[in-house]
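Following this line, the structures themselves.
The two complexes that follow have chain A in common; it is paired with chain B in the first and with chain C in the second.
Moving on, here comes the complex of A and B:
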């Protein structure tokens, strides 16, 4: 999978999937995304940002 | 916020209210709904609606003088609808069945004196509600004056049908009886319907209706149910109230436009098909002017009164506990004013949506991401790109040129030429105000930011000696008129037309002037531009109806990109001729859609070459314009601020550039993201050499996939992907 081919430049380690808390429009929820296990740097793929995230953003904006 | 804060904009709207014919009807029959049922051949439903409104359909269909026809809006288009004919058709074709109410019986007794249609109407209603009713009449049967009518057998059949729903014992008839006060003593309430000049008594328990109370027979029948309600209230409370006639006639004059409706001759109503065809002639008059003229309102399918109620409900909602329902629509209004311009009663949905945006901004319930880009642009235009100057060597001036923010960003050369022209024609007495009127803040609902800018503009104008402001942008003019009414204004186009400036060769033999929304209420501005176009010899055609919005208004692009696109497409398709515009944003929208157009300034100062500048180029244009004008007119040096990332050279594909423009991502945002990542090493790396970096800027998070450009300098990068999102992450749990 493309998203797991990335590694953290600073820490030099591959990313692993972790639950990350997202916030938008005063609501928060958690979702598993690839994260640097050492420094916590998060990876959001283009597919996620323009797909599911955009959908959820629009749904929250409409509420 | 109060409900009235929102309904003040829609209170006069009569969408969904009875049509003019129904207002004229003594029974307030919903003729529109009745005709709809007839048209579909739903005769049972039509008859039921008729019976509910008129009590005795056969009597009314035969005897009502049909004042509805006088207010039928079909009248000039082939003749008024034959409502009595449709009523008779409903009677003829329906399977008729009278229905009573399932209510407990009452022990109180009511006398009705007079068994004519008016008395029977009240008696029927009371008896169906299970009051014990006794109807007296001096004649040998019911019907009163109708007994002499040759159609009485039909009427009597109708009476029988309606009274068939009354349970046994709740309505007794005593005929051949001239009642006296003593006969009525034992009853709890008495209703007199004794005809014109007929017998009646005065007192708390005595009520009267029909011609003996000064009503017509139709009013008497229509008021039977109302009289019944008043008597019921008296029986429950002991307090008599007057029986007030309906105020149905108040809005008979509410006519709606029927543009495009074709004339159609009346149809016979004897046959089912004929009656259906006659009902189909009914125009079902309801005012939908604002909706018919706005693709946004059509898209969301909500009506004005409901919108005001929902906007109010949203103002009281506290998300996430209580959700809002009108967010997207509120931010999809272009504030173009078209709905208000076409409304026959001056309702103003655009103003209501703007109030709602203000309320949402104040309460922080509106998505900040919708207007974040534009507010940052405004801060730039009112900050670094702004300067207020009197002409060189002067403290004050008679005129000051305020080109607005976008013209200088998109076409700085036109601003320079226009300023030179103004200096020439005013003997060097024109100062310069580069800035923004503040409409991005208004459209975002950010009144504090708007008012701060207005104060800054007022202060600058006063320092310049309160000159007349020469504006080039209709939106600036509208904002000035609203928030700085003390400032005298004149359009650049009026000055140009008056100066007799010689135009270059016209671009088009024939063109249509596309008016920006903000010029809607400024006929002088519109005529000035037409004068300029005529001066250059272009044959002008007028676009039909009220001018449309190109889609730029209200900054709806982020909240509703699809609607933004549709506004542009529909505005571009209004006429085949090329457009002459005088709003630089309209020009950009049309150029993007491939519509041939020119700004009227291009016709006088030469055409703009090159494509539409990018977001970054627009900012650079504004700063260069300021720098060059200051140097040229004042010999002042201005050095735009520089960022360390400005030197980065990015190789971005055309496809990606287009995506960035559509989603309002600046090249500068990419440069900053890459520079930060490269400086701090805060990035992700893939084996194939691509890097990925993110930058949170205001409420947007930008992501850039990039790699060093092949064979380029250390500052050169190739961009592989750009995307953004509005959510923020709080951080992962690191184990």
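Moving on, here comes the complex of A and C:
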């Protein structure tokens, strides 16, 4: 899936890749994801959610 | 797994199916790596209400072990939000004690020094680690020690009791049970179960058949008030028995005897439980690791005399080849076991 073909439905503009900071359990990590340059909404692909994000969650979710 | 039991493999494979609340109601998730057949992690989910009930149990349980104003060193867990360390810290604060969340030791010398400055009234930690600290700082003399998180050997209890002139309590619990499960009363007879939260059965680990009070078998529990992830007849893999009758301490409710260990470990030709009881009687031996393969038992000891340890093991296990060598055993968060394969 080519993330660069995505457009923001609300704003009608193509999404651009930006480094976004994610925060979870008092820790943060940064990842480049497609973002609407106008309204700022971030797109999380299924691949990202089930891949890198799931890995980071598992690492942080210790007892 | 057949029947109406829930197993670790069920949670690893279908964990999300057990979640009964929306994502917004989940306050904390714990990921546990399984040493079971699937090799995948299990995720356990908790609402704020679930965590509150865990804190309540910790507060009530600890108020039998320490008093308001007492300094309590927590040598378990991490600073992770809403994790074991933080929840226990909160429970202790609520009963008026003064907790110090030192977390699981990373370096024994460093931890011993921190304890020598703090001079806690109570310590909470892993059995082998607390024993090692007792051997390193015999003058610490806390009033009470609570051992939890792994098999509690009689040898470790005896050593800690003797060196620190202290009273040692045990607690059995698992993340799946909401961390708390059963804790010894002031008379140190049996472990009182959190009966308002957990219904406990003992079953035959091979057939799943229910066993009566007094018979040893696998601990199975059903949660009664869990919100995020209620569990029905969850098979813990741990062996114990329900003690019959009323406890002389006066508290009503069901009690567990000592937890003898995990079924999977007990089925090995030599278990860590047997080795703990045998080797941890030697005050010179700080810690050890063991592995077993093809009839050969290999042990690494820190402290103690490898030749006499080897002689003791050869005498106890005449059918095995035994190799003992000295080494350094750093602190570990993992459950101790004899490595096979």
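Here is the rule we go by: the second predicted complex is superposed on the first by the 61 of 63 C-alpha atoms of A that agree within 3 Å, B and C clash if a C-alpha of one lies under 4 Å from a C-alpha of the other, contacts with A are read in each partner's own complex, and residues count from 1 in each chain.
Keep in mind that, in the parts below, contacts are C-beta pairs under 8 Å (C-beta built on N, C-alpha and C of every residue); 3 or more make two chains touch, one makes a residue touch a chain.
Model, not experiment: these values are computed from the prediction.
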Check the residue A:25 against both partner chains and state whether it touches chain B (first), chain C (second), both, or neither.
-> both
The answer to whether chain B or chain C touches more of chain A is B
By the touch definition at the top of the document, which applies to A:37: first (chain B), second (chain C), both, or neither? first
Exercise for the section: Applying the touch criterion given at the start, work out whether A:6 contacts chain B, chain C, both or neither, answering first, second, both or neither. Expected result: first
- [ ] Name the contact category of A:61: first (chain B only), second (chain C only), both, or neither.
- [x] both
Overlap of chain B and chain C contacts on chain A, residues 25-26, 57, 61-63
Within their complex, chain A touches chain C through residues 25-26, 57-63
Chain A partner, complex, touching residues on chain C are 29-32, 41, 43, 77-78, 80-81, 83-84, 175
Listed in rising order, the residues of chain B that touch chain A in the complex are 319-320, 323-324, 327-328, 367, 369-370, 559, 681-687, 691-692, 694, 701, 703, 705, 721, 723-735
Listed in rising order, chain A residues that touch chain B in their complex are 5-10, 15, 18-28, 33, 35, 37-44, 46, 49-50, 53-54, 56-57, 61-63
